[in-house]
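Alright, structures below, take your time with them.
Look for chain A in each of the two complexes below; its partner is chain B in the first and chain C in the second.
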Partner chain A sequence: MTTTLKVDRILECEGLACPLPVVKTKKAIEELNTGEVLEIKATDKGSVADLQSWAKRTGHQYIGFKEETGIFRHFIRKADPTETKEDVKFQYTASLDEINNKLASGEKLNILDVREPAEYAFGRIPGAISIPAGELEARYNELDRDKEFHVICRTGSRSDMVCRTLADKGFSRLKNVIPGMTEWAGDVEKDV
Partner chain B sequence: MSNKLAIIASNGGLFDAYKVFNIATAAAATDTEVAIFFTFEGLNLIHKEAYGQLSMPVGKERLEQGFKAANVPSIPELVSMAQEMGVKIIACQMTMDVMNLKKEDFIDGIEVGGAVTFLDFAQDANVTLTF
Partner chain C sequence: MTTNTVTKLSAKEVAQLVLEGKELFIIDVRNETDFADWKIEGRSVEIINIPYFDLIDGVDPALDQIPDGKPVLVVCAKEGSSIFVAEKIAEAGRSNVSYLEGGMKSWSEYLEPVKVADLTAGGELYQFVRIGKGCLSYVVLSEGEATIIDTSRMIDQYEVFLQSKGVKLVHTIDTHLHADHISGGRALAEKYGSTYHLPEKDAGEVTFYYEKLEEGKDITVGGERIIVHPIYSPGHTIGSTSFIIDNRYLLSGDILFIESIGRPDLAGLAEDWVGDLRETLYSRYKNLSEDLIVLPAHFGKITELGEKGLVSGRLGDLYKQNPGLNITDEGEFRKTVTENLPPQPNAYQEIRQTNMGKINPNEEEQREMEIGPNRCAVHDN
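Let's look at the complex of A and B:
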């Protein structure tokens, strides 16, 4: 089954040998904006290890890969060097332990995952709803202002921004979940 | 963090060329500053006429099929990719003198220098490779 994930650009590297997938990935990432997601389609088996190492060396976020009939689909998000900094400003926060304990005790939480669709597809807290940070302005009306929301992203930075935006829109029961999915060790739900 | 790769290319066959330029382009694509010093037979790899027709090692000619099947880029393609990403190419002056070669005999965009030119770059390289 082929799943389509919303990405900002698709790079076709089918039939290309090492080191072309890496060279083309570098060029494509340079042309993206921070936070955008690139999908790389490659047939080179070496690309599985190579693109993960590449992302690690260059500081971009390797979201994951999917193998479909001999084609490796890699998902990489262009990282922002400031994103890893502790820059949390929204005053109400919740820890991952709190979330885990509440879920374990059967409590129903509204978890709002504001990462990109590809990140969400490769692993999220079970039951989390997805609204990418970039779509918030257009979609915040889908959410009930009176409900409590636990907002999560990868490192706590995008979710911090979303909490502040939602607070401005009149949401009053918000918590920024920190540090975010990078440290989440509980159950995950995925589409891939 | 400075990220530098220094390569010495001193052999002139097709396999040598792939080893040198695959590593160099992969490194350049991974935010690494790369310089290659071409010396002795390594000069073949950047010689205008020679670099497009480098030979396979004797007895390995049958691998030509494999190169085609795997869709491996040609050496001139890899070289221009490397240069586009800022890989510094240094031809060894001493070998050029011995072989009576001029800068014009080589591809565009190269530097010519002596051992110290290369050492100056290699001095603080994180990785140094010899092919």
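Let's look at the complex of A and C:
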């Protein structure tokens, strides 16, 4: 079963041997905008360890890989240098412990996950809804202004921006979940 | 100005450089995890690791580290990345740049035949050194007949050798059911109508016909000329069997190595087999002649390779120098062989299943399963 994950670009590296998948990935990532996601399709088994190691060394976010009938589908998000900065501006925040405790006690939370679809697919808090930060302007009407939302991303930066945007749109019960999915140790739900 | 070209070196050529102790500077461009797992080693080998993906934009980080005037060998998993890097290094003006043909994959598979000796009863004994993985196998030749002990998976390399010697394969023998590499013994025996021997106690689950190895049931090569005399020596596995050949050589399998001893845990029964291992090493072997030359099925460290690559040692000397033979306290011995052991060999469960005939992976899968060092000794850390 091939699942389609919305990405910004797909790089076909089937049949290519080392070093080409990494060389082409590097070039493709350079051409993407920060925060965009690249899918790499490769058949070389060595691509798994090499792309993971390359992403780690270059600071790009290796989201995950999926093996489908001999094809390795890798998802890498171009690193955002501002994301690692601790400049969370939105005043209402919630910690991961709070979220975990509330969920554990059976409380129903509206968790809004604003990461890219591929990141969401590779692991999210169970029940979280997905609206990538980039689609917010077009889709915020899907959300009920009067409800409470816990907004989460990977490190707290995209969710901070989303909280501020939604507040401008008249949402009044918002919390930015910090630091974000990087530190989440609770249950996850995934599509892959 | 002339352009520097890149030379291709085969695993055989590199093995010979390593065994001859020629100075060799290697840049291994695989990722750090693979490099940490295993790499080319040798007394006069200097090796550094810079993953190829750090060199895509330029090879300056590598150039800085290459000693002036030294030949450089670039190595990767299969060869593609090493060609890529080697060409860039040559373009940057370095001469004497080469890459390893077929990469670590072919390094892992190369067997170097090293002559052990002429046998007194007539014939020859060879040790096949699988330098990339640390496996040792043995070929006994006499009067137009051959017997192979602990055959590696790459049977074509033995076939070429046997053809060059003009001999007929009569027996293949495994000292035990291997967990670190796939045996070529059965495949080779089937191809040449020879007899495949295996210890019965290790063969409980095998799916094919084999001849049972038994102490007292000698195997002969070259008519009756060379006697291969089995000795039951359990401990690494419950069936492990050693052989005395020509009254002079002790093929110790994975029980006794030159600088270490076998580990009892690869078939999952460490606690049960500790006693057997101790009995074999501290009593059965002890009663054998001290002048026997021990020829093991593995080496763990490159320092175990002697002249021309031969791995061997006099039994009496091993009793003096091998740490595994000098643990007087039984409790301490038990601890040594059951605790803090090195990681188990890659895919060792699947390898055992393959050697039992229970699974039949294809060649590429078999190759993949064997990647990495053998790790059959207790002191390989």
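The rule is simple: the second predicted complex is superposed on the first by the 192 of 192 C-alpha atoms of A that agree within 3 Å, B and C clash if a C-alpha of one lies under 4 Å from a C-alpha of the other, contacts with A are read in each partner's own complex, and residues count from 1 in each chain.
Just so we're on the same page, a contact is a pair of C-beta atoms (placed from the backbone, for glycine too) under 8 Å apart; a residue touches a chain by one contact, two chains touch by 3 or more.
In this text, all values refer to a predicted model and were calculated from it rather than measured experimentally.
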item: Combined model on chain A where chain B meets chain C, clash or fit; value: clash
item: Chain B versus chain C as contact partner of A:Val23, first or second or both or neither; value: both
item: Which superposed partner A:Trp54 touches (first chain B, second chain C, both, neither); value: both
item: First, second, both or neither for A:Val114, with chain B first and chain C second; value: neither
item: Touched partner set for A:Gly46, first chain B, second chain C, both or neither; value: second
item: Touched partner set for A:Gly15, first chain B, second chain C, both or neither; value: first
item: Interface residues of chain A shared between complexes with chain B and chain C; value: 17-20, 22-23, 26, 50, 53-54, 57
item: Partner chain A, residues of chain B touching it in the complex; value: 22, 25-26, 28-31, 70-73, 81, 85
item: Chain B-touching residues of chain A, taken from the complex the two chains share; value: 15-20, 22-23, 25-26, 50, 53-54, 57-58
item: Complex contacts: residues of chain C adjacent to chain A; value: 31-34, 51-54, 56, 76-78, 80-81, 84, 368
item: Contacting residues of chain A [partner chain C, same complex]; value: 17-20, 22-23, 26, 45-46, 49-50, 53-54, 57
